[in-house]
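Here it is: the structure, laid out below.
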């Protein structure tokens, strides 16, 4: 008996028919992006290289392939910053093009290119300040965690440092007016660490997050200095005003203000434009939708004992 | 003084002894998989390429390397679908082989191969419908999030879209009877996004998840249209009936039914085969194990103030 | 009109100025790591290969590229263990060097190298025991999850198995005295699965975690046999004693003891050196900071109905 | 005894001193290429992809990853040509920039970009003609080699087809006025096959080279139809007129004209602007610097016997 | 002034028109290969891995990533041979499919698959004999070259060993009846080393080639033991009988027989079914088309002095 | 009908039997290399990176990924030289270990490591001199080839520059006493370009090779300044004195001396310790085994016409 390996007519017909449907503009016009020839595309691979390069610049000797020595650091900084400038200019340009609604004939590419380079240079000029702030974050994580053996371990291993670094990078890019790219950088950290900080949030110095998985910090949050969050903490929106079409109005402040020296324990959910007063401690798993005065300590109402009769459950 | 770099007899003996133990069938027979010559293996790398290809087909111009232009979309769809068909046929075949308990001589490989191709073609024929539903999901995410700048940003950056896409792909493959592969695709999204949707769950249109880390949707869940979940929401099982050997009985409905237009806030835990009635809003951090009637709004009981005297804690 | 593509003087000056600042030791001395010539560096890529190799050794035929057959397993074990020995020796040496504060002239590299090899061999000698325990974990996950189709699916897909494998590997390395490397291996699983188990925690047999995202198990936890955790469970510290400088005292027991046969549901937060007595069931979303006697069942206090008038929120 | 792993002062001083010398413009100004920001660079990797893509377009189903089927060829051609257009436009632009001596402010980048795209499109429009001619070359190789089993083997394995394909691609690009890129494409084939055909040479149809290693065809050669060369054949220049500074005058015809139906055997060296008349056969290892009339057959003068007394030599 | 980046109508029309031509079967039917779904394709990458694996098996410790030690060699041989068997079975199957003219319904794939496995196993069973012969080749190269420092250098660096290894591998595969694959393996060595040995040639033991670039050994050559060739030597065909259609008759013996202990110097061209008698020495650059009796020594006729007047040439 | 995919007993037995033979020390002891734990291995990949790095250092802006600008060259030189130092130290160490016959206990690894670093630093200190000489080679190639459009084209494309660069690198390493590595670097160029220059040969300035495939320059050659070779030229050994065992005596001068300003045309074979006097021109395809006085011009004796009657041959 011989067998027939070829996919027969039925299969091929089914496939060809589907290709036709998938290529019908009616089916994809809401979810496609038309690329204009000659414009760079945002690239998560290049953005990952950018973030790694910034990390290597900020924390010399930890990341990247290089072996830092005092007599070579000047050269490495020069080369990394130079490569960063080229890569970042291109990705900023990609962000500008991706979010641009103009017709091709309305675009002055050389001028846009030049603008992207200026933004990249402005970002680079801010790197020393980002390093200064991250030093305070590293210190806060080290001092605040009895399990931390050394600052090296914190820098090398702690997901919070990775997430906060990406946040501080993305926040600065967003402040400079770069579209799309900050959000992608934020989501890269979200995927790696489970910590979701919106690049638009404002966060003070000596900020730390322990463990971190599930933390959410909304776009209009304002966080003071010396704040510590545990895993699963949400600083979110409770509700948002709708416009006449029933759509949420964008840009309205709707996330919490967390003042200096606040600690929020695991899984606490703090919603709405409320203020958690300075020096407060919020216990885990609570649901907070009202202002909390300074120096408060709040915990969940007491759990209760119950009795169940069934098998493996509760 | 000369030094001795060679690992000495003790080390090598220890290693050789361990190899012997590790190769003893008694120690691995519960946790090994015997591969039959000539059968393809499930490959997370190939499945990742499959998922990326499907994403590029569904959302043309966003993912992949291609630069979509109206005059080329037909060709790209044709090539992507063709490559998808080959890759997917092979991985479906791998899934069929991996979970097969028959003896080699009982297997009709050409027929199985043919069956895998038919399943792949059936999946492809469903892609336009998946695209149609995902458009409603994208729209729900865009409209429901004041921080979303554009549909592009939603498609490109939002982890929920990634997780829901994988779910809709995996769900269809599971409906077609493909073993193992749907679960792997689901776990790929789980790892990337922290959102864990079982491929067997049934989920309606205009579904959206905000932030998403920690969301769990169990295998017998039924979710209506226009439902929104926040991060950390569990739609899980409370308990499950045991069989005479004390093992859980598989396949019994044990996860919630969530009706249309329900919103569930962060970290809420909804357990058991209960129904959350339509238009209800469930506050964050609540523990719900009973039916909730339509149009309900439920929040956690009020938190309480406490006083502590010790150092950094609560 | 001609255009000027070159970045002009202003941009270059800005960049050069920044390079100078970034290379100023004052700005980086808290956050840099000086590499000593000739010492290996910890490498997340090599550690990932090590973990994959261990997984392939422990669960033959599932991971890696190999196709296991009974007549070849001895050879594969021999080759994998041999490669593991070389890679692991190097990474242990890298860990020893990375955390070493001595001056170069105080270090006896050949002796340290030899010590790293001995640690690697000791770890390898423990692999059969790790496999034995992991078999109990796989069994617990399979028996305890009605959605699990087969042990194969559990081994291949379940993030808990991945996280617990990394934990058992890292825990053994830490017991042997290897610095830094165990923590990196733990964080690799944390990033992939959202499950954060400190390598120092002590965990019994037949341990399982369902879904898992957001689980945190602190460094001084002690967990008995046959314990099951759901996603988002925290076994953390409530507070920690401070030393005379206001810094937390390291190494003090401060995380829960969870006795045999305990089940803890989603998002429960258990804090402090308390004991959850054997056979207890802790409901989801509770905040527990006191001892729980054996055979207890605890759930959150009842949620309350509320009424809201505003748009999309709660 | 402790050992000193650090490279000492002497080594580092030596290195630092050398860096200074190497960065001194006087030492590199003859051999450096200054890159202008924002201009693409010629890339041998991208050119290799371009050549592979052209090969896949010309000989469908042989190269690349694709599995050609009649119902999909149109789509594959569409996608490959589209990708080729983008890649080639960029590399042509890179060639134009690399060889440009103008100051940045004199360059109109958008216009140059547009020009590169036009050249790429013109090249693509010539592909069907290149395919037509290559069919004659494949046929000549197949018919002329008793060892060739099939046309498939010729297309898949014969280095001559690879070298002639690169030549015909490079020749067309050079005719269109593309700088540098044609030469790089020619040298890629030279490195792979040992066959060195200058892109400027003019070569007729049904051209074939057997084995090929060492063949050299100079830039002003003119070769008719149905010519066959064996390995090691040189069609070179004997001498070239010098200008008043003693430098060779560029562009003067100085390589042979080889008329239709000529066969030249291995290692023959034909030099100067001479003509090998049609239907001639040139034997191996001869040195020819004068015209050869049509229908000639020329071989080396007879070898002689000698006697040696020493060991392994001659 | 705004610029227009989009490629305009003319360019796109040109491209679309070309795609149509290139997809017209009339233009490609002589030079395309139709792939049948489900059949493996010959892959130069996989064949390169196969050749590297064979080299590592034959010369343990030189190639590949492994570090050979006496206590591990058995395991490495087991694993390499096992991987070789799988890879080679697949590529032999690919070769059988590629050269098959049957209709799909005439092919019994399982039987063909089985046949490929048997050929792979037969090849593997011959590996010890290939190693035995290659030892004689290595010895001949080492003894015969005063510049060779050690056998290690010969094995690691000498292109002749690479080319002869590929030849001995390809020759055995061809003897077993494997189509296409031997030729590809031969051309891989040709491209790397410039040495072109037809897999069908018959070559004795202790064979060596010095330098090697440009050597050609035709398919019907017969070479005895202890023969040494220098670079550029051709053992080729002088002419070949034509059939009634003017096409060369395939398979007729038409290349030289070289008896034991012959040395042939650089660039010598030996053509036709002639015999170079044992112990002969052939000088460089000669053209030999007649039998050479045993113990002969032949050199080119004496060069002559000339006088030229022009510039840089001859 | 069911089919049997498993390879049966016969195949597996054949394979297992072969593994046993291949692992028998008697069969491989002449052709294996035993690796000592902890010693680096020579790596062609790392050596390729070393050569590329040196090329980028010598010809800034041509190779590598960097975009050279005057204000960044100092940094790039610093970083490249630093990376080169680490990579090269390791590979020199690998070379020292590979060729070492001592027992492990006789080796002082730290001292050997230190020695490797010193050799690497000495090589680096010579780079400016290598650049100075290569500038003369580039100039000679540019001036001597009417087809060369620019020095850029020569540096970027000419295989001779690649081969001569590798030679000058390898020659210096060999002079410093580095074993094995120089030969590997030489063979890398041989494989890429077909030009085989022994690293031990001595070659003056302004040296150029046109086309180059097949050129061989033996280990005891001495070549003056301003010499030009064409493709296929051999500067080889005619015979070599044998020792009492019939083996060639190593290290005896046996290759030609070529004085200043000599040109040698394609395929000429110059053998033995003879001298080609300055300003001489040697025609192609000649066989020269005697001294040639200065200012000579030598060509092959005249070819002869012949008549053949048979088909496609000569």
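Chains here go by letter, A, B, C, D, E and F, matching the order in which they are written, and residues are numbered from 1 within each.
Methods note: contacts are C-beta pairs under 8 Å (C-beta built on N, C-alpha and C of every residue); 3 or more make two chains touch, one makes a residue touch a chain.
A quick map from chain label to UniProt name: A, B, C, D, E, F = serine O-acetyltransferase.
Nothing here was measured: the structure is a model prediction, and the numbers come from that model.
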- Same or different contact residues where chain E (serine O-acetyltransferase) meets its copy chain D (serine O-acetyltransferase), judged by the half mark: different
- Message: Report the chain whose CA-based centre is farthest from the CA-based centre of chain B (serine O-acetyltransferase).
- Response: F
- Query: Measuring centre to centre with C-alpha atoms, which chain is farthest from chain A (serine O-acetyltransferase)?
  - Reply: E
- Item | Gap in Å, rounded to a whole number, between the CA centres of chain D (serine O-acetyltransferase) and chain A (serine O-acetyltransferase) | 49
- Item | Approximate Å spacing (C-alpha centroids) for the pair chain C (serine O-acetyltransferase), chain D (serine O-acetyltransferase) | 55
- Message: Measuring centre to centre with CA averages, how many angstrom lie between chain A (serine O-acetyltransferase) and chain C (serine O-acetyltransferase)?
- Response: 22
- Note on the structure: In chain B (serine O-acetyltransferase), the residues touching two or more other chains are 1, 3-5, 7, 19, 37-38, 66-67, 69, 74-75, 77-78, 82, 86, 109-110, 113, 117, 144, 194, 213-214, 232, 237, 240, 248, 265, 267, 271, 283, 285-286, 289, 299-302, 308, 312-314
- Contact footprint of chain F (serine O-acetyltransferase) on chain C (serine O-acetyltransferase) as seen in their complex: 12, 16, 19, 37-38, 71, 75, 86, 89, 109-110, 113, 117
- Query: Mind pulling up the chain F (serine O-acetyltransferase) residues that touch chain A (serine O-acetyltransferase) in the complex?
  - Reply: 1, 66-67, 69, 72, 74-79, 82-83, 86
- Message: With touch defined as at the start, can you tell me which chain E (serine O-acetyltransferase) residues reach chain F (serine O-acetyltransferase) in the complex?
- Response: 57-62, 66-70, 73-74, 77-78, 81-82, 85, 110, 113-114, 117-118, 121-122, 124-125, 127-128, 131-132, 134-135, 138-139, 143-153, 155-159, 192-194, 211, 213-214, 230-232, 237-242, 248, 265-267, 271-272, 283-286, 289, 299-308, 312-314
- Query: Any idea which chain C (serine O-acetyltransferase) residues touch chain A (serine O-acetyltransferase) in the complex?
  - Reply: 3-5, 7, 10-11, 14-15, 17-19, 21-23, 25, 27-28, 30-35, 37, 41-42, 98-99, 144, 179-180, 183-184, 187, 190-191, 194, 196, 198, 200, 213-214, 216, 218-219, 232, 234, 236-237, 240, 247-252, 254, 263, 265, 267-269, 271, 281, 283, 285-289, 296-302, 308, 310-314
